[in-house]
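Naming follows writing order (A, B, C and D), and every chain is counted from residue 1.
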Amino acid sequence: MDIGMVGLGRMGANMSRRLLHGGHRITGYDADPQAVSVLQSHGGKAAASLEALVHALVAPRVIWLMLPTSQISNTLSTLAPLLSAGDCVIDGGNTFYQDSIRRARTLGLLGLSFVDVGVSGGVWGRERGYCLMIGGEQAVVQRLEPLFMTLAPASGDDSGAAGAERGFLHCGPAGAGHFVKMVHNGIEYGVMAALAEGFDILRGAGFARRETVGPGIDPAHYAYDFNLADIAEVWRHGSVISSWLLDLSAMSLLLDGDLADFSEQVPDSGAGRWTVRAALDEGVPSPVLTAALYQRFSSRDRDAFGRRLLSALRYQFGGHVAGPGPVPEK
Amino acid sequence: MDIGMVGLGRMGANMSRRLLHGGHRITGYDADPQAVSVLQSHGGKAAASLEALVHALVAPRVIWLMLPTSQISNTLSTLAPLLSAGDCVIDGGNTFYQDSIRRARTLGLLGLSFVDVGVSGGVWGRERGYCLMIGGEQAVVQRLEPLFMTLAPASGDDSGAAGAERGFLHCGPAGAGHFVKMVHNGIEYGVMAALAEGFDILRGAGFARRETVGPGIDPAHYAYDFNLADIAEVWRHGSVISSWLLDLSAMSLLLDGDLADFSEQVPDSGAGRWTVRAALDEGVPSPVLTAALYQRFSSRDRDAFGRRLLSALRYQFGGHVAGPGPVPEK
Amino acid sequence: MDIGMVGLGRMGANMSRRLLHGGHRITGYDADPQAVSVLQSHGGKAAASLEALVHALVAPRVIWLMLPTSQISNTLSTLAPLLSAGDCVIDGGNTFYQDSIRRARTLGLLGLSFVDVGVSGGVWGRERGYCLMIGGEQAVVQRLEPLFMTLAPASGDDSGAAGAERGFLHCGPAGAGHFVKMVHNGIEYGVMAALAEGFDILRGAGFARRETVGPGIDPAHYAYDFNLADIAEVWRHGSVISSWLLDLSAMSLLLDGDLADFSEQVPDSGAGRWTVRAALDEGVPSPVLTAALYQRFSSRDRDAFGRRLLSALRYQFGGHVAGPGPVPEK
Amino acid sequence: MDIGMVGLGRMGANMSRRLLHGGHRITGYDADPQAVSVLQSHGGKAAASLEALVHALVAPRVIWLMLPTSQISNTLSTLAPLLSAGDCVIDGGNTFYQDSIRRARTLGLLGLSFVDVGVSGGVWGRERGYCLMIGGEQAVVQRLEPLFMTLAPASGDDSGAAGAERGFLHCGPAGAGHFVKMVHNGIEYGVMAALAEGFDILRGAGFARRETVGPGIDPAHYAYDFNLADIAEVWRHGSVISSWLLDLSAMSLLLDGDLADFSEQVPDSGAGRWTVRAALDEGVPSPVLTAALYQRFSSRDRDAFGRRLLSALRYQFGGHVAGPGPVPEK
């Protein structure tokens, strides 16, 4: 198929290459001309502007946006007036699904189709393929199937496998793709945190060799010195918690068992919050996904004032009018 | 090697078959004679009692216990006097690692070796191999390596891969194997709960079609009707959360999208609690693993009294002296 | 002052009586004529409809709504066209503050003032006074001060204490009163849950007399038989956790130590969810308030499907293709 | 009564003064001679050593220990051989109740009585009285009642109120006092955290004036600028969350709304961990109390390694081999 690709960052560039390799024709645009050149070097065509991109494509056009969340609105404002009824815009970013529902409605009034696609796979996707979660109208999604077939992992096979088994799924109407991707990322937060906590506990298993133990604790129970990289590696082979995130953990720990180069401040990209918000709206408890999210908030000291209040209260009932210092609860 | 296997339940039986298939000689004992017959039918030898088992083996003996946690103490009490210095007992169960530390010490006084092995892989292990986490003295563990080579997943290869890459690891001294398995299971609780919460949120994504939405919620945002089996399947292909537990989720949801046959009361087998206890002793926060554990407690109504107190308080400040019923917070 | 009171349920009726007792003149309306009669018996005037209520008051009117959240919109739609520029409507309910911001804006376009007041105190408020959290324009709030003086606890004193010390506070512009009340209720959820968990742990402190203890637990450590009512009572006297909710706990436990009449399903009235949503929007972690909220969700089995998935996974890796039953993690 | 008081720190000194004021005779010992002098200045007698203290008292002696947890064992080792059968030792510290059970047993073998008393009230206790939670044998506890009557808040009344209503309670056999105090402190952690989170959310309620809001958020909803000291103050008057910890919050916020002098690292003194451990042993969920505890762990960066692992994983699937920086989830 002919596609316009808007946004040639890491994800957009890699997806374009996979699509080119699968026989599709890509015209690409990016604010950074360097990114466009790279696309050209892999066989794509360059557009110098959104206008140029639109003119380079024949209606009914298919334009895939692979942009940061914050740029979608502006790009659509510029793009929509340039397009013709019957054209289709795909948002492949990590967009809040409620925005996608709204955009599908707005673009629909102009006769344009909107498809939201959650894309998972990271930088490994170019070779391994991408997992695609798709929202939009049935007929439009079906028309785009050749793209999804190429991007998804099982692109090369002729096993007759249906979509989900090939790695793409039409999940439902507008926003459904981004909703499912949102929950996917919410789960990802939870799995990452479960691994992080487990490795923290393993790393602390020798604390009695460095600190005095509290009452009810036998120092002989906390005298281990575990090799975390080895443990991550062994779990990859036959254990119940085998997973891709465990593979990545093993790789990280092998490179540097201390992970000294990595930040203790962990960003959250939005999907975690939106997942918890959906849980709240639905009245469904999600303590694990929420704890994983809050840990990231805390890592960035978003509860610093509350902690100072805890200290202040300890001083109040412990008798200190001011000044920090350790005071036992009374 | 020659091994005595005590406990021929699901795990013990399957491990015995994998060991027999790998060329080892097994003499088995189980309180259930039927289980022993099955072992014989696969080429193992039968022992009618622990005494018979000990006598059927030549010193230095290797006896592998594959028993429920609650039977280890009694079995060791019976077994220890029958053994000779230099014999080795392996506990392959889900034993509390502090008990294993104590037992290694006690058996050591008798000149016996004790090795604790955490075994992961479930019923799939017979074919796929087991992930083995091992604690004990270096020399003893090394002597047992042929067993571990056979049980671990990469048993058939001659790639020269080291232990961890083959699926077994000597993690440290006595108790280390059970400690690492404990944390493994703790993580497993967390990953399972992350998946369960995610699917609960997906399942609730159409609630606005059945219930009135609260303030600040647009019913158009919660009108989906997701096919959870398809979503689980698509995530298995190329997504960041690909994992064996996701594979099993997809299988479960495919068989029955409602999971109507399964209990809403979820047991916990001990490892989750012990992991959290280790986190407490170490002073390491583990909100995700703990939330996963508490969810299981709650599923069994272990907080029923506390909930009644919440209701009672609501009635107190809402003005109801007795009797249940919905009262808004004041 | 002259006030119209719309909604004479438990809260509206009690507040009206306190206002009447403080010398204000109340004209009341309620869909239930019985409620209006009761007001009359305490010295208020009756209105048979919203129209009648409006006509009974002289402009600039003050109308206080004390209604369930779900009735505010309709009531305002009826009321607004009947009012004149300069009139003021007060919403004293547990309304989502974002709705109050919107309503202040809408009514403002009509020249009407809107004041949002969070009211705490429950049924005890008639005698003890109500804690009032107020949002709206400075001049309007000031004009209403005589009402707040009467409703607040320190109404009778002439100590010259400022508002906050008397029990009412102008917190900020439109919505501020309901925002502060929302967070108040969020904290209330947390405090209630902390008490409930503590009493659950005290109640469980004799479990070793009824159940087998797990590994690492000495049954002598869990052989207590605490009198929870006495413990709640003693904590009321001089302890750091003295609080009104503890007073109510003591009262509840005294009446029935088992709380047998109270429901294990605990509703949530909205404020808890909104508080957590605000925390999410702000990026502030609120693990305690969120855990308290989720416990209420769980008490109503909102995670039933997720729990079944946990059971299904346990059967999958434990080897059960179908059917419930306890299987240890592998 | 005649009492020996060992440990004249903040708590011990204040309690001694209250006892002296109530007509009891105190002989005091502290490793710091300065502390002993202060006691003398208030009418107590000084002992230069534990031996001297024991000799200054007439059998059957009553010796109250008011010491840090870590000094109890050594002090009892020194003290026990100096005492005579029938003497009684009281531990009024924040001791792990399982240690108290053990000590009661050990001292009992020597014919000595042991009573464990949880003391709440902080520095305010000297004037307001202390809440006392008592464990030990019925007869011994009864003999000590004059002390408890004086220390408890309602010491001066002759209302005929029973113990719990006066502020002291014989909770059960050995360890019961410290168990109940442990849970008291666990609840205290939860209530403190609930307040801290609430004030954090109030403080963040103007974030949209400083930061860009995410999707789905209206900046007009987060434009407040709350006065936290005023809000704490108003809640003290008639609200459902009125409590002593709220009083202390109001006082703290009044002195410095920023709490700039207080530490963001919050210690935990043991009781919080023990409470959660009891919850685990009992199989009772305590998500709120546990979240409050973990927040303190996190405040001291006890999860720093886990956070670095989260960052490492983000780089792995986001394509960064090394080096920190913000990468959106893929």
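Heads up, the rule we're going with is that a residue touches a chain if its C-beta (ideal position, glycine included) is under 8 Å from a C-beta of that chain, and two chains touch if they have at least 3 such contacts.
Every value quoted in this text rests on a predicted model; they were computed, and no experiment measured them.
Comparing the contact residues of subunit B and subunit C by number shows a mostly shared set, over half of all numbers used being common to the two copies. Among the other chains, the CA centroid farthest from that of subunit D is the one of A. Separating the centre of subunit A from that of subunit B, both taken as means of CA atoms, is a distance of 30 Å. Computed from the mean C-alpha positions, the centre of subunit A lies at a distance of 43 Å from the centre of subunit D. Each of the following residues of subunit D touches two or more other chains: 98, 120-122, 125, 188, 193, 195, 197, 200, 204, 214, 240, 245, 273, 277, 281-287, 291, 294-295, 298, 302-303, 306, 317, 329-330.
In the complex of the two chains, the subunit A residues touching subunit B come out as 97-98, 101, 120-122, 125, 128-133, 152-154, 163-169, 171-173, 175-176, 179-180, 183-184, 186-191, 193-195, 197-198, 200-202, 204-205, 207, 213-214, 217-218, 220-222, 224-227, 230-231, 233-235, 237-246, 275, 278-279, 281-289, 291-292, 294-295.
Put simply, subunit D touches subunit A in their complex at residues 10-11, 68-69, 94-96, 98-99, 119-125, 185, 188, 192-193, 195-197, 199-200, 203-204, 214-216, 245, 248-249, 251-253, 255, 258-267, 269-271, 273-274, 277, 287, 291, 295-296, 298-299, 301-319, 321-330. On the side of subunit A, the complex with subunit C involves touching residues 240, 268, 273, 276-277, 280-287, 290-291, 293-295, 297-298, 300, 302-303, 306, 317, 329-330.
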